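Scrolling down, you'll hit the structures one after another.
There are two complexes below, and they share chain A, which is joined by chain B in the first and by chain C in the second.
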Partner chain A sequence: MREKLDFLTELGNIGASYATTALSKMLHDAKLKLTVPQSRILSFSEAANYIPDPEEVVVCVYMRMVDIFDANIAFILPMNSALALAGFLTSEKSEHLTDLGQSALLEVGNIMLSSYLTALSMISGAKLKPAVPAIAVDMNGAIWESILADAGITDFVTVLETHFSTEQIELSGHLFFIPDHDLYEFLSSKVSGFLLEEST
Partner chain B sequence: MNEIFVNMGQIGVIKNSGVLVTVGLGSCVGVSLYDPSTKVGALAHVFLAKSRGNADSELLPGKYADTAIPALVDLAVKAGANRDRFEAKIAGGAHLFENTKPDMPSVGQRNVEAVIEQLHKHRIPITGKDVLGKRGRKMSLFVDTGIVIVTSIGQQPIQI
Partner chain C sequence: MSLAKTVLITDDTAFMRMTLRNVIQKNGFTVVGEASDGEEAVNKYKELRPDLVTMDITMPKMDGISAIKEIMKFDSNARIIVCSAMGQKPMVIEALNAGARDFLVKPFDAQRVVEALHKASS
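Our next item is the complex of A and B:
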């Protein structure tokens, strides 16, 4: 199990690197710091307690893929970061997230999430086609549970989470990747192949 | 004031004074039961509509509408409530990501319909609701008065 999770962590690392490289380009090559991703298998009760401040207002760009595998992927920014990023991208200065700012964030999120999925597909061979992205500005808890409910989580949920930040602008955020059971099994079945390759 | 937070899939019950709060209702539905004669209040945070025989519904009946309502009634009755005096209020069932087409109907809508169906089945009148739409909600039941307050970001709190 630990081996599988380590392998997933590595996949998450590569996915997040692709996603943040895409973000960095849009920020005129700003340096982005990435934490080592965490991959966890959470029980439903753990998932219910996963968000530290469920009332915090955040901006979330979200994709739900329904294909051979189902997966949910989200890019979440606290409000101050969302405003900083939207301000940088649109040159608009506003204390509120404008329609223009929101569509800029949707587009950035779209590019980041698509890059993440492309990287994951390339490494694992799993077909992960990016879906139409959606955006919401709401309470973190409401967003989190809506994503879990969309995914139809009933018992356990696999969560790959990466935190990133940059000092170029005041920006920090999270990337979440939530594969369904079949995709988790598929991705983690690749671990033995990779270990064999490494040992030869 | 005694404040009890009811997390996703959970049920809380208190008597006489205090407040039951559930935060971060997106597509989930908060269901409160209140008996004004005994001042017993109970609140569930329902995640999905149907348990479909999942074993976890026994451990966490509040998770599904079809197991949450019977469990909510039982808990409130055990706390001293009179079954015939229940008033129910519901909030939630939103579709947050409005620019994508939800599954038809959306998870939130299915949750709301399932909760209403269960309340009808138990002959409990629904005296207040704030459901569907696109905004997440916080729901608080004040047990000394039976008042339920619903808040969403960027909106004035409303009493239902």
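Our next item is the complex of A and C:
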């Protein structure tokens, strides 16, 4: 189990590094701090209670893989961070999320999540084709429930979570990647070989 | 004196269309239309006959790869530049094989967009 979690952590690290590099570029090369990714294999009931502060209002950009593999990937920001990021990108000063601000967050989320997938594709050779991304503004718990429901989890769920923040603007957020069993096994077989080659 | 080259922008997010429009117009090109999905891009290409097209990949109704194929069927000389967050090698190859002249991975800087437009229009 330890080996499996180490592998997942490395996978999350690579994906999140690509995603936050893309975000940094959009923030005019702002320095972003990343936590070491947390990798968890949770039972369905543990997964349901995984998210802290379920009543906090957040903005979530979300993608589901289509084509060969199934997976879900999400970028979640607390509302204060979402407003700060939207304001930075659009130059709008608003206490509410405007249509343009929401569109900007959708694009940023799309770029970050796509970068995460590009990293995984590069090291595994898998084509990870996402459906059109969606954006939602809701309570943390409701967002998480709908991600789990969409992922069709019935027994165990593999969760990769990375927290990031920057001091340039008041911004912090989370990235979640939830592969299904087939994708996990595929990445596991491909990526362990890649990491071995890198270390030699 | 030659007329400014015309561009059709295709992207499903209003923010990205606005960003591209600002970059393109500030650099001597004329934006003649915008499309928010592949189907709209094909229809507007036929209607407006732009010199250049920017094309996103992941979009509702019809994705960018299918739209490139449809446009190339209509006009094999179409000059299409992909602007997509999907930088995965298989997707880049698919887009170029479909007829795209260049592939820009978001986030891109303005200079790179302008260079690609000049290169594709020359």
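We take it that the second predicted complex is superposed on the first by the 190 of 200 C-alpha atoms of A that agree within 3 Å, B and C clash if a C-alpha of one lies under 4 Å from a C-alpha of the other, contacts with A are read in each partner's own complex, and residues count from 1 in each chain.
Just so we're on the same page, a contact is a pair of C-beta atoms (placed from the backbone, for glycine too) under 8 Å apart; a residue touches a chain by one contact, two chains touch by 3 or more.
Values in this document were obtained by computation on a predicted structure and should not be read as measured data.
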*asked:* After the overlay on chain A, what do you see for chain B versus chain C, clash or fit?
replied: fit
*asked:* So in the superposed three-chain picture, is A:Thr90 touching just chain B, just chain C, both, or none of them (first/second/both/neither)?
replied: second
_Is A:Val59 touching anything from chain B or chain C once the two structures are fitted on A? First, second, both or neither._
neither
*Which partner does A:Met122 contact after superposing on A: first (chain B), second (chain C), both, neither?*
second
*Of the partners chain B and chain C, which touch A:Val132 in the superposed model: first, second, both, neither?*
both
_Once chain A of both complexes is superposed, is A:Ala48 in touch with chain B (first), chain C (second), both, or neither?_
first
*Now for A:Ile111: first (chain B), second (chain C), both, or neither, which partner does it touch?*
second
*Which of the two partners, first being chain B and second being chain C, lies in contact with A:Lys25: first, second, both, or neither?*
second
*Just how close are chain B and chain C at their nearest CA atoms in the overlay, in Å?*
8
_chain A positions touched by chain B in one structure and by chain C in the second_ = 106, 132-133
*chain A touches which residues of chain C in the complex?*
12-16, 18, 58-60, 84-91, 105-107
_For the complex, give me every residue of chain A touching chain B._
44-45, 47-49, 51, 54-55, 57, 62, 64, 106, 132-146, 148-150, 152, 154-155
*Given the complex with chain A, which residues does chain B contribute to the contact?*
7-10, 23-28, 47-48, 54, 56, 60, 63, 94-100, 107-108, 111, 134-138, 153
*Quick one: which bits of chain A touch chain C in the complex? Just the residue numbers, please.*
22, 25-26, 89-90, 99-100, 103-104, 106-107, 110-111, 113-115, 117-118, 121-122, 127-133
